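Some structures to go through are shown next.
Both complexes shown next keep subunit A, but they swap its partner, so subunit B is in the first and subunit C is in the second.
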Partner chain A sequence: MTPILELRNVSKEFHGVAAIRGVDFALMPGEVHSLLGENGAGKSTLTKIMAGVHKASSGEVLLDGRPRVFDSPAEALHNGIAMVFQETSLVPSLTVAQNIYLGNEKFLNRLRGIYIAAQQFLQSLNFGVDPTMYVSQLGAAQKQMVEIARAVHHKARVIIFDEPTATLTPEEKHHFFALIARLKKDGVSIIFISHALEEALAISDRITILRDGQHVVTDDAGNFDRDKIIAAMVGRTLSEELYSRDKSRSVRGYGRKVLSVQNLSMGKMVRNTSFSVYGGQITGIFGLIGSGRTETAKIISGVIKRDFFHGGEVRLEGKSVRYRVPRPAIKDGVVYVTEDRKIEGFFETKSIAENIYMNLLSADLNKRAVISYSEMMALAETWTRKLNVKAIDSNARVIELSGGNQQKVVIARSLVQKPKLIIFDEPTRGVDVGAIAELHHVINELADSGLAVVVISSYLPEILNLADRILVSRQGRIVEEFSMEEATEEKIMYAAVH
Partner chain B sequence: MIGALRSWTDRFLGRGAAAVTVPPLDGALKPNSKLDEAPHGIDADEPDDILVANGATYYSAGNQLFQVDGNGVGIPVFQAPGVITALAVSPEGRIAIASEPGGIRLFDCNSSAAGVGGKQTWSCITAMAFAGENTLLACIGSNQTPIAEWQRDLLNGGNSGAVWTIDVNTGAADRIASGLAYPNGIVVEADGNIVISESWRKHLIRLTSAGKLVGQVMEDLPGYPARISRNSRGGYWLSLFAPRNQLIEFVLREPEYRKAMMAEVAPEFWIAPALRSGASFNEPMQGGALKQMGILKPWAPTRSYGLAVELTADFEPVRSLHSRAGGKRHGITATVENGNRLWLASKGGNEVVAIELMRQGA
Partner chain C sequence: MDFSKAFRLLNQERIVFLLTVVLFVTFSLTLSNFLAAGNLLSLVRSVAVLGILGLGMLIVVLGRGIDLSLVATMAISVAWAMQLVSEGMPVYAAMTTGLLFALCISLVTGILVAYAEIPPLFSTLAMATFIYGFGRAHMITGTDVVYMPKNMGWIAELGQGHFLGLPMPILVAAVMALLVFLFLKYTKLGAFIYAIGDNLPASRIGGIPVRPMLALQYVISGGIAFVAGIITATSVEAMNTRVVNSNMIYDVILVVVLGGVGLSGGRGNVRNVIVGTLLIGVLMNGMTIMDVQYTIQNVIKSLILLLAIVVDSIVNPRDEQTGQQGDI
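Coming up: the complex of A and B.
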């Protein structure tokens, strides 16, 4: 049988840094094919090449056995390849129905007719989303449902799902898997990217595993089990070095209390949470998605506001502070390194140098009253060297860098602001394995230099490897604290879910 | 003007200084059960202060001073005319004993005691320390409320405390600091500066030997600080006799409510910190908030708690010993280190507790 979609020896480089190298991949008609790998393994890049978001640097893409080059996602969609993105690609200012029909409009459109058709279509998929609602009003899971509905509506022959279940509730997941089964029955081929290995094992016909941008293995799902997948995904010394718990490492003691969060509240996300952060050590915060970790960090750093009435208290070095915007927080030395670097972390069309310099300006730390090009370039030079940012030069646009290098730029932007307290939210999400080690090194150095460092992560080995003390967040509050001597994966996970 | 406006809006919105919040017990103050796990100590009737003189451990309970003998039993060595409220030991081993009534007496450990002269009548002495063989520093908790009614002083927002320096030979006394919110612990640093624990302001402050305020050394403590003693590692032990909780913090911001409560409710049922709690179902915090399946939750919001904290020379917490809500060794009013043993006076638990420091990971 001819594969419906095939990639032969495909490589993709971003500014000289290889994201995937010589990958072969074949998708058969009507099969569910899971693509697995660690963060930074190249899954998203590979599927974005299939969906016309990126063009391969070398190698070829074959659709129905014929070589094709897609110049845009619209062209790929026109040829029957749809992708449901990890970062939603919906238009927030349009309604659900308008988003579903976007690109499929007739010459004359009747809004009421679109709403009725969209309502019927969403009901047929068992998705409880109101078609008249604006996408900006939807939650993450509902947005994901609209994305899926949009792909199905375009009658795609190949649908690529990139982490579709991450934001879904168990009931919504059940509907989603039923939908997959129905699409498969209709002859649609599905590529399924997920970190939930059990899901991949349950619904896939075949599984392909990538590691460090290279193909490792493809086999029938029946020939895999969880351990075999993990071994293929992480089976290399670098991962072992990164996440094996170094028992010999000395845990840093408590320095001065830099931050005291007392009974902090914000809506339903942060509920009466209290904790302290000390200088010269790394405080790890672990929690599942929705446990309020990010919101807490954002309140502390002034990105979002706490409750107007009785929102609790944040004390920075003994002084009660209440930031309405990040700027005064930055001036007081509180810096938040976002988990969503593409949206909040940098100006994607600006250069590395401009991005770093902008943060210096916002902290009022620039030497001269006017913008100085030489100061900007010198600053960029210093920080790209210090953090080993791999790019052609400091004028390279940040969007063209790999995830790891983008993250280093985001960290450099924060460090130029001379923080006392730095909060890293998922610092190694979407970062290649080599860069993870470098980022961990940077974070450790910051703590060694006396800074109060907070690392928020939903990846247990990272927390266990980095943190000097671990706080566990559940349902909007810190529920448990572990010293490194007593912390185990089981104990932490138990505290996070019970 | 802007400050007043901000203060008013803060009070209205419950934020800033008016936020009803309490600092978390985490980091070095992470709760444990070390106080309750310690072996049975010495039964005593409300032991209050404790010290080491000439290698022996002494504690006060009621109007008696006890010496702990080799078998770990308290032997009465001195009877004061009133309830002993504070003890201090001089560099040469003389023990200053403050009692109410009775004033200050010096006990030389050979069963003889002499009163300190002078015309001053002393009351509400909460803590003492020697700043030399003949110079005694005394903390007066309040000059408006008797020492037994310390809860009333807190609820009235008392700040009439003072620190006096007393020449034990002549009885000459000089007030070096006043307007303090219940000074309840005192220690003299190597450079002559004095560190005072101000209970109602939940902080430790440093004064010069002349009583001038240098600054705050610990702020926003999670409990009400009591006595401070030196440890053998160059740091200190700080006792906290009661915890803070949000209900009490809220009541402390409501003067009309407090006034009515003090007028109409028996003191043991006031919403106020306590040395012991849980004895009666009439107490303000009980029932569903504290008990689960009939067992007192260790993490329950409570009016009483047992807590002693070891501090570095820079007053940074290193470790702590706790008796949680479900424990019995509450109301730790004094802590002292003698060799490898840490002695704690649990006034709420009616017990003098000894903990082997090596066993606790020292």
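Coming up: the complex of A and C.
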């Protein structure tokens, strides 16, 4: 049987960094094929190539055995490939029915007509959504349903679901799986991306596992179990050298308690979480994307305003604190190093020196109202040497540097503020291998010098390599703590997926 | 390669400067009385107020905002201050009151933008209408025009006097330009304004007091508007409040954008405003001598403004990455 959709030796690079490398993938007609892997394993990139969002850097995409290149998602959709995105792609100011028929409107588009048709259609899918509701008024799960309904309505032959069940209640999940079974019976092929391994095992015919952008294994779902999948997801090949766990590495002890968080809650992302951070050691926080780890860190450092009506307490060195903006947190010595340096990490029109000096000014550490350019250059000189930033000189603009050097500047910006507690959110994302080792060295030195260091990462080897103790975050709270003696990749991953 | 290198060197400021030089040379060769010393002085003098207002606009635009209430603040605060003098208030007290009014009203604008998070375009537009309406209805009695009282003392000299042969408005504009230059380049607050315009989230995470700084921008520009108003009023011995309904505010934006200040914030300095002001000065002066109709002048100015904005969006794309590589 010819696969309906096939990828042969497909690679995709973003700005010279490979997201996936030489991946083969085949989707048979009428099968449910699960795609599993850690964050950053390349699942989303792979499916986005199939759906025409990205174009492969090399390799072939075959539809019904013939090579095809999709220039846009619309073209892929026209050829029967629909993708239901994680981040919803509906038009919020239109009604449910209008969204379902978007792009398929008749010349004379009577609302009454499409409401009736949409009502019948949604009923046939067993979705309890009112077609006259505006999408902006819907909850996350209902939006998901409308997305799915739209894909089904387009008579897609291939539907790609990216984390469809994350927002659904058990009841809705039940309907969703029934729908998948029905679609499958109608001959629709389904690609299912999920972090929920049980769901993948229950509904798929075959499972493909990716790791570090490469294909690991594809096999019938019956030949897998939970432990096998986790082993395949975390087994290392590529970066083993960099992250080889130094068993002899001495684990740092507990210093004084710097931060304690008790029953902190905030909206849907942080639910009743409690943990402590100690000086002179690195606390690693592992969690998959959406597990609330970034939000927790941002609340502690004032980047997200903590509202009064949300519960919990944050104590910094025994004193209860509640920050509305980052500025008072910085003055108290709590600094957050962002995971998204391009958006909130540095100033793109400014030089390295200006970027670093700006944070000294903003922390009021030099008590100056007038800028001293000599002080600025001296400061830049000190920090570029300390962190080994590779640039022509300190007047080079940060935007022109490589990812690793940009990250070093972002870290230097935080370190000039003399933090007591520094939170690194994904400190090595988008950084080349050589710079990763240097960044790890910097982070280790900070802990050795007595700072309380938190490293948030969704990359297990990084956590295992850096941390002195590991907290695992899941569904908005810290669910488990491991000492380095008991921590293994399998145990941590088991705690992080539900 | 050489071509692309040359293109890189040609930023908007240099293009406009070259254009100014070309126009200047053309006018001096073709128009007989263009180069006369009297004409050159009146050229600079005529745009001095525009330049001062441009400095206020520069500060706001650098912080990724825009202040459409500049002209209204200028007209009403100065007209009111002069009326108070006519009603018998001591000159200094009346001027201080006018300045405080300008600062307070722009503080309200700043709070609307920074704390109520109303987009600057709307909040300053609404404030402009409010200031003008309220001023005409409740503050300024009589006609649209408030004449300068006779007892203004040395303040009147700011518009009419000469120093070392130069008209005072030119000197005031130069001093204001120097002050704003020093403020932006050498003070911490100036650096913060650039930072906020460049990247607001990064400024916030870095510990810059973003909201107070946003409000401060408008307060400063309000103060500058008052100075511009004093110069206007003392030059012509009156403040015509109908100037709010003219297209002066667009000329101010024209001067700022034309000089190469990025409307997306964080890019530009006083030099850009000076270059933009000179171009408009040369252009308007030349067209006046050539007796080009006022409406045609507007058409030419507006075309130049559109061109400048298009060039600005090409030369200074908001996001360099997407600007260079297209959207992924």
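Descriptive notes on the structure:
In this section, the second predicted complex is superposed on the first by the 252 of 498 C-alpha atoms of A that agree within 3 Å, B and C clash if a C-alpha of one lies under 4 Å from a C-alpha of the other, contacts with A are read in each partner's own complex, and residues count from 1 in each chain.
Criterion: contacts are C-beta pairs under 8 Å (C-beta built on N, C-alpha and C of every residue); 3 or more make two chains touch, one makes a residue touch a chain.
In this text the structure is predicted, and so the values were computed from the model without any measurement.
By the touch criterion stated above, A:Gly311 is placed in contact with subunit B alone, subunit C being left untouched. In the superposed pair of complexes, A:Val370 makes contact with subunit C only, with no contact to subunit B. When the two structures are aligned on the shared chain, A:Arg322 is found in touch with subunit B, with no touch to subunit C. In the superposition on chain A, A:Asn263 makes contact with subunit B only, not with subunit C.
In the superposed model, A:Lys331 makes contact with subunit C only, not with subunit B. In the superposed model, A:Arg469 lies in contact with subunit B only, and not with subunit C. Within the superposed three-chain model, A:Pro461 lies out of touch with both subunit B and subunit C [touch as defined at top]. In the superposed pair of complexes, A:Lys350 makes contact with subunit C only, with no contact to subunit B. Counting contacts by the rule stated earlier, no residue of subunit A appears in both its interface with subunit B and its interface with subunit C. Considering their complex, residues 13-17, 19-24, 26-28, 30, 216, 219-220, 246, 316-318 of subunit B touch subunit A. Looking at the complex, you find that subunit A touches subunit B at residues 253-257, 260-263, 274-276, 278, 308-313, 315, 318, 320, 322, 469, 471, 478, 481, 483. Residue ranges of subunit C in contact with subunit A, taken from their complex: 185-192, 194-195, 198-199, 201-211, 266-267, 320-321, 328.
Interface of subunit A with subunit C (complex): residues 14, 54, 303, 325-327, 330-331, 336, 338, 342-350, 354, 358-359, 361-363, 368-371, 399, 413, 417.
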